[in-house]
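Down below is the structure, laid out as structure tokens.
Letters are used for the chains, namely A, B, C, D and E, taken in the order the chains are written, and counting of residues starts over at 1 for each.
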Amino acid sequence: MYAIITISIVAIIVLFFGAFGKKKMILPVIFVGLPLAFIVNLMGWNQSIHYFNEMYIDDNFTIAFNGLLLFIALLIFVFAPVYYKSVKRPLEDIYALILFSLVGGLMMTAFGNLVMLFLGIETLSLSLYLLAGSKKSDPRSNEAAMKYFLTGSFASGFLLFGIALLYGACGSFNLEDIKLYVIQNQANIPAMFSIGLLLMAVGLAFKVGAAPFHFWIPDVYEGSPTLITTYMATVGKVAAFAAFFRLINSSFGDVDFLWKTSLIVFAVATILIGNFAALYQDSVKRMMAYSGVAHAGYMLIAIIALKGNAAGVLLLYSVSYSIATITAFAVLMMVRKETGSFSIKSFNGLAKHNPTVAFAMTIAMLSLAGIPPLIGFSAKYQLFVSAIEQGQLPLVIIAIVGSMVSVYYYLRPVVAMYFTRSIESTPFEAAKLYKKQILFVALLLIILSFIPGLIINLI
Amino acid sequence: MFQVYLFLFLSCVALFSAMMVLLSKKPIHSVLYLTLTFFALAGHYILLNAQFLAVVHVIVYAGAIMVLFLFTVMLLNLNKEGQFPKTTLVKIIAAIAGGLLFVVLIGSLKSFDLATVSNPAVSQIGLVKNLGKTLFSQYLLPFELSSILFLSAMVGAVMLGKKDKE
Amino acid sequence: MIIALLLILPLFASIFLFTGKTVQQSKNFALLASLAVFVISLVGGYELIVAPEKALFSNVDLESILGVNLLFKIDAISIIFVILTSLLVPIIIASTDKKEHRTPHFFALIMLMQTALIGVFAASDMILFYIFWELALIPIFFITARWGGENARKISIKFLIYTVVGSFFMLIAILYLYTLTPAPHSFSFDSFYQLKLSYSQQIPLFLAFFLAFAIKIPLFPFHSWQVETYNASPVQGSMLLAGIMLKMGLYGIVRFLLPLCSDVVANGSLIFLPLILFGVIYGAVIAISQPHLKKLIAFASLSHVGIIALGLLSNSRYGIEGGILQMFSHGVNVVGFFLCYYMIVKRTKTDKISELGGIASVAPRFATIFMIIVLANVALPLTNSFVGEFLILLGLFTYNKILAIIAGLTIILVAVYMLKMYQKIMFGEKKASTENFTDLTFSEIMLFVPIIIAIFAVGIYPSFVLQLLQSVVK
Amino acid sequence: METTVTQLQMIPLSYYIIFCTALFTIGVVGVLVKRNALAIFMSVELMLNSANLLLAAFSAYRNDPSGQVFVFFIMVVAAAEIAIGLALLVVVYRSSRTIDINILNRLKW
Amino acid sequence: MVMESFSFMQSISFLLLLFPLLGFLAIGLFQKQLNKKLSGIIASAFVFLNLILTFILFWYVSTTNQSVETNLFDWIKFANISIPFAITVDRLSALMLLVVNGVGFLIHVYSIGYMKGDDGVNRFFSYMNLFIFFMLILVLSSNYLMLFIGWEGVGLCSYLLIGFWYKDHANNNAAKKAFIMNRIGDLGFLIGIFMMFHTFGTLNISEVATKVSLMPSGSTALLVITFGLFAGAIGKSAQIPLFTWLPDAMAGPTPVSALIHAATMVTAGVYLVARSSVLFVLSPVTMNFILIIGIFTALISGLIAIYQNDIKKILAYSTVSQLGFMFMALGLGSFSGAMFHLTTHAFFKALLFLAAGSVIHALNQEQDIRKMGGLRKKIPFTFALFAVGAIAISGIPPFAGFFSKEMILSVAYEHGMGMGIIATFISLLTTVYMFRLLFVAFYKPESDAVKTNHHIHESPKVMLIPMAVLALLSMVAGFVQIPALFSTNVNVFENYLSPIFLTAQQLVPASGQNLTVLTEWLTLLIPLTIIAILVYMSYVRFAKDRLPSELSGIQKVMANKFYVDEIYDFCFVKPTEKLSLFFRETVDQSIINRLINSIGNSTLYVGGRIRLLQTGNVGFYLIIMVFSIIAILFFNLIR
């Protein structure tokens, strides 16, 4: 709760500094504010406080996911100054929008009421629509924003209609009340309820980027400014998943027959489409977008499993996915800066000129591919185990098949970096600091690989 | 029965004008039909004794949103007829999709048992007083947080709208 | 303690080597570290010989942190492979030539590989096993792709994907087994062994495991990565692959297929044994007309490991013990074979058999050593392969006589292609490429010494290994 | 005002459901058939409004104010959304001189 | 390793193996350093030591009728399989020891002279000692698997020595052929061993013999075992159909041909069958098979020998023929006859080879007899020794060949008149080709090559003396076993071996009828007469004139060895190569590899197709979304 307040205040301060042209003050404020929010966020650990008539629930789930969101945001801000190096203006609007959307994300993990969910989603999404189009001069950015907006608001319509039907069936927006209703009427759930639930699921599936509602992802991720893509792919996705999980977990766990089949179909389609479509991409950025789709499929499995330590597994998966994705995008930003292209060819020979960066990228790719002993593997395997414990072996098998396919495209950048000579000898001379930052994130990934158990047991 | 006829009338107006939003060739006509729809819906709200919503609805939609639409149409000079017609195939597919959606939704919802819903003689909850109480007690947090939403929308609109110096 | 040392020493050596500066120092350091590992593994072996019923055991419960139980157990079967690994790795490291432009990373990767391999053979928890199994792929992938020959990049990707795909089947099997264990579920080998699997449960399990292992070993229709990868890999990579990594699959058969799917193995052998057998003959027949030495080794290896698989799946103790023994022998022999190949290629820059010839007249020492290794591959009595192949065929014979007789054909074919190859390379008149062939130097001979010792030691006194196994194989 | 609509609840709830569903469907079809971004926005508004009315109706029938509060929030969001949408529209128009969504296909495959 | 304290005799039997191994290691490891003159002496010395030990052991077993069994260490031992590394010296192996070490020693000495000046002389002697080592393992082993070690080991030495002059690919091909053909037999041997283990649970020779004697005659298991073992024998002893390697093996140095490919290794097959006599007599089918194979081999190779022109080839075919003769004896159940012929054959065939080597040595590696002639004057001593050998092998009394052949022939006649006549005919063939060789090479007018060659010289003493010893043995060795016709008392040889074959003799029903004295005389004298006629005809035909250049049809077939090599080439070698090529090019590349790649490619293709779903058109995305929602709701509805 206090994290939201902190972030909001930081965002407003940023806006003020921007308005008064104090460019140099903006990032320091953020770098103070985000850790502060992180610490403030941790204060409610193990207390499970319900704020404002159960609008906001500050339990360990919330704190863990909010901590992750804040941390990811911090990492992304770390890369921001280099990304926006050439831009002279203060950029307070972009930073503020990122922070605002972060507030939306924080709301989504903690909602105790569908109103909060809706507002959170919209706060996050609206900011992201804007951020996607923040590179006004670039028609691709415009197009991404427009597509995102059109599809996003369309999906919001379904989400709302679903909420309305749900409300019609059980007369409340409060998750606890809905759960109560579910328990009381488990035997004869009205169709209105189930359709409301499914439409909500569709809306959330859209937000997490699950097939067949994933179509916006590749285009938007590709067209948006890379830093924003990173943000979308990590914070946006993790927040949406946290919300999805909380929604299903706190209210609909007892009526899994209503949503399980659909989610399984989503998961299967997502895994297959994401992985297969990624195979053929030339642009690494777009490939990462499809990879994001595929990973959404895996994370759906955690929701399908739901019981046991599924929440912890979802957290672990989110951690592994986010940090690896950030690493990959950070490298991508650098490569793009050097070569002016996202094409896989621009990675050629990177290892020779810049071994640390290549190493970081390799770690990220292998982790995403789920190669042991990296955290990506631990996450996948824990996910599979928790799904299998719920009797989802066929789903897991499909997921594993997807993983097989994914190895190919995750390897392509690695191979390009290490084993292909670059045609033009691009020096890849990134700023030293930037390289160190990338290395730091990659090392983080390695360190985290040794403590997956800790992460799971957080929740 | 008067109320039912009123309901039916308002519904017909709303549906007709909604259809016309789609069928109109000129954007300006669409906007005007949309306004009509909104007014019909405002009538519905009144019918439901949700006066507060009715008022807000008119202010927000007819007052703010419609103006924005009109403003955009004028600004960008979009009011040309027959712009970018969709192919017939798309239209057919869309019609099928819409029909199916409708059928499926109705098919699912028709079985909804009214008896399960309380049917009070007079609903007073739509009055400003009641809603205000709820809004500022139970829904205080979302209310406050919606300011963040507005703020971000504002910042964003400014960001997109202003011309970059570079 | 020993297990911890066996795993940590190469791992730390690897990490240390990644920061290495000069090649020579790195090589020496890696050599030293790997020799230390060898000594430790021998100590472990000694402990097991003293008390063969027991097993080296190590259990660090870090599940709450690592998410995996660090459960290790080295019994008689494991120690054979651990010793094989720690014996071969120093040789492989020592065999790198100054002229080959290796970097410290090369040695770091080899040491990492050693960690992974020892981990595979020592793990007693399925997930741990799987982690090491996959980890082993990464260094070999980099070694192949980075220092490999023609098309190495493409081939190493194919190799990696192929084998990863294979091991995903294993993952499925593991997860399936996991669900069968009584709650609270567990991944430890012991909990798997205690399962009483019904026939219908065993069949899918068998298929998944078998596919995974068949790709890794590789067995007949799944071998296409092998030849290409051996060919493209630098020779050290090929040695790691053929000498040790292939054994992972066979080890998997011993560890999982035999105890867990015993009924399927017992009843279904007549379905898959002929397939394997065909692969055995197939590899041997192709080796006859293979123009490239390295590919010849690859096909020979295909044939040899096929025989081992036959033995392991032959439902008889002779076959299983012979198979395990033969795994050790094959590891030694194939590394020796690759070393010979390396000596030739280093000097002549070609591995086309038709371009070679007459080496025996200028390099008698090399000729002798090469001959010994060829004979070991031919499974001449008193060399290491003989006992293994004898027991395998004996086991197969007790299972099915026709199969054994067909499998026996390989002892003819192996002689055909081996002697043909040796004759063309070593005998006859010198050719242009072998004109300036120099005989082995002292340090090169030293590379072969442990191999030759192993060849004769196992050939003359195999009981030492066989009796060690006795307590474990049941 | 308070007494004018005393008997309005005689209208069956299912009427509202059917009407709202129809309106929603029209909105959906509108999104699908229109290529004009502006028209799509309008159609989305139709969808949102149908949800609004549905919520209001349920709220009234259940005698529970939270539904109508929710509608209020939806209106807030809708206003913000339209503002942003139109801002984006202007940006797109500036760069490509059209608001036809079919020309948005630089990003594909 | 368990080294129990050995008794004296056990120590000796152990040393028997140790000496040649030491010789091999000493010469082999220090090839470069060792003086070339020294290696021969060292090698001979070790074999000489062995010979002395052999005498001691021979004396011991022949006087005490006990066997010396020594268990060196457990070789393969686990569960219910126990195969120790153990050696046994009994009367049979002692006899073989005598032959191997005796002839071996003589040939070693001979080689000192013969190999003088060769670059690889050190290598040569190390191989020779290694051969002795393996041959002794073969002979001494107390179980079949160890026997197999020696069996393959001598094959290896044979391979190494045939290809000794490795620069010439013809030699290498011959070596390879020998090894591979041996391997084919070895597979049979192995299968026999497997079946034996399967049936008896042991591979110990005496235990097997004990167990098998309790079995009924003619069981399938026995059939498989004996056929397997005999297959091994076919390979090693160059019987039909695996006989073609032996003539080719003549590519090796002549002492090698003498030692390995005449006296010792090739007779291992005979030894094996004799060793397993109990097994074989209980499998009459196999015995008949052996008989048939023996007869055909002896016949065909004898016929081929007649039309050969290479001196060593003739001797090689002669060896094959004599081996066939021995197998015929085995097939007839006359194990001691076969062993007797084995022994005498070792002497005179070694002698013949050494003498031929001497000739070749004298003529600067000339082996074609058509290019010889008149050598009896140039190298008279060699001629005399060669003649002794020729007479001995032709079975002319009183040389050794007569006695050993007579022993077999009498069994053949006892078996039946037809069999006797066939056997006689075979033995007569010997006379034909031997005397043809003798007359052409030594009597015929000198060929141009000989005339122009002024370097033709008698071999040094170091070569001649061993030959002389062998000649002496070829002359007198037969008197240990005089045909019953002349004296019923002198059958030292048969008595000596009788404990070994006792069980076998008891098990086999006495089949043949006893011949009348008249018949016996006739069967003795008529062949002798024919031999005399044949020798005369040969003299007339070959000593005077040149060989006819044109051969008639059937002769051509014989001269070309019945085209066996060509047939094998067509039936086995070529198809294998074709199959190899087919597997390599078609199956591996075009089918399997393409299949695997196509899995990958089709995955990529699917990826490429799925990617196209992403049309970039928002309208399309929305439509898909709506239809998906409809589908979900629909399934919810009908559920």
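FYI, a contact is a pair of C-beta atoms (placed from the backbone, for glycine too) under 8 Å apart; a residue touches a chain by one contact, two chains touch by 3 or more.
Source: prediction; values computed, not measured.
Participant: Using the contact definition stated above, find the chains touching both subunit A and subunit D.
Facilitator: Under the touch definition, subunit A and subunit D have B, E as mutual neighbours.
Participant: Hopping along touching chains only, can you work out the least number of steps from subunit B to subunit D?
Facilitator: The least step count works out to 1.
Participant: Among all the other chains, which ones are in touch with both subunit A and subunit B?
Facilitator: Intersection of subunit A and subunit B contact lists gives D, E.
Participant: Quick check for the class: compute each chain's Cα centroid; which one is farthest from the centroid of subunit B?
Facilitator: So the chain farthest away from subunit B turns out to be E.
Participant: Highest contact-pair count belongs to which two chains?
Facilitator: Maximum number of inter-chain contact pairs occurs for B-D.
Participant: Relative to the centroid of every protein C-alpha atom displayed, which chain's own C-alpha centroid is closest?
Facilitator: C
Participant: Need the CA-centroid distance for the pair subunit D / subunit E, whole Å please.
Facilitator: Using C-alpha averages as centres, the distance is 99 Å.
Participant: Centre to centre, by mean C-alpha position, how many angstrom separate subunit A and subunit C?
Facilitator: 43
Participant: State, to the nearest whole Å, the distance from the C-alpha centre of subunit B to the C-alpha centre of subunit E.
Facilitator: Roughly 103 Å, centre to centre.
Participant: Could you state the distance in Å from the CA-based centre of subunit B to that of subunit C?
Facilitator: Spacing between the chain centres: roughly 71 Å.
Participant: Identify all positions of subunit C at which a residue touches two or more other chains, and write them in rising order.
Facilitator: 161
Participant: Residues of subunit B that touch two or more other chains: which are they?
Facilitator: Those would be 86, 90, 93-94, 97, 101, 105, 108-109, 112, 117, 138-139, 142, 146, 149, 152-153, 156-157, 160.
Participant: By the touch rule stated above, which residues of subunit E touch at least two different other chains?
Facilitator: 600, 611, 614, 616, 618-619, 622-623, 626, 629, 633, 636-637
Participant: Taking the top-of-page definition of touch, could you list the pairs of chains it picks out?
Facilitator: Once each pair is checked, the touching ones are A-B, A-C, A-D, A-E, B-D, B-E, C-E, D-E.
Participant: Using the touch definition from the top, list the residues of subunit E that touch subunit B in their complex.
Facilitator: 619, 623, 626-627, 629-630, 633-634, 636-637
Participant: Under the stated contact criterion, what part of subunit D meets subunit B in this complex?
Facilitator: These residues of subunit D touch subunit B: 1-2, 5-15, 17-19, 21-30, 32-36, 38-39, 41-43, 45-46, 49, 52-53, 56-66, 68-69, 71-73, 75-84, 86-91, 93, 98-100, 102.
Participant: Can you name the residues of subunit C that touch subunit A in the complex?
Facilitator: Checking each residue of subunit C against subunit A gives 62-68, 127, 130-135, 137-138, 142, 145-146, 152-153, 156-157, 160-161, 164-165, 168, 171-172, 175-176, 178-179, 185.
Participant: In their shared complex, at which residues does subunit A touch subunit C?
Facilitator: 316, 366, 371-373, 377-378, 381-382, 384-385, 388-389, 391, 393, 396-397, 400-401, 403-404, 407-408, 411, 415, 418-420, 450-454, 456-457
Participant: Would you tell me which residues of subunit A are touching subunit E in their complex?
Facilitator: Of all residues in subunit A, those touching subunit E are 146-147, 150-151, 154-155, 158, 191, 194-195, 198-199, 202, 206, 212-213, 215-216, 218-219, 258, 261-262, 265, 272-273, 275-281, 405, 408.
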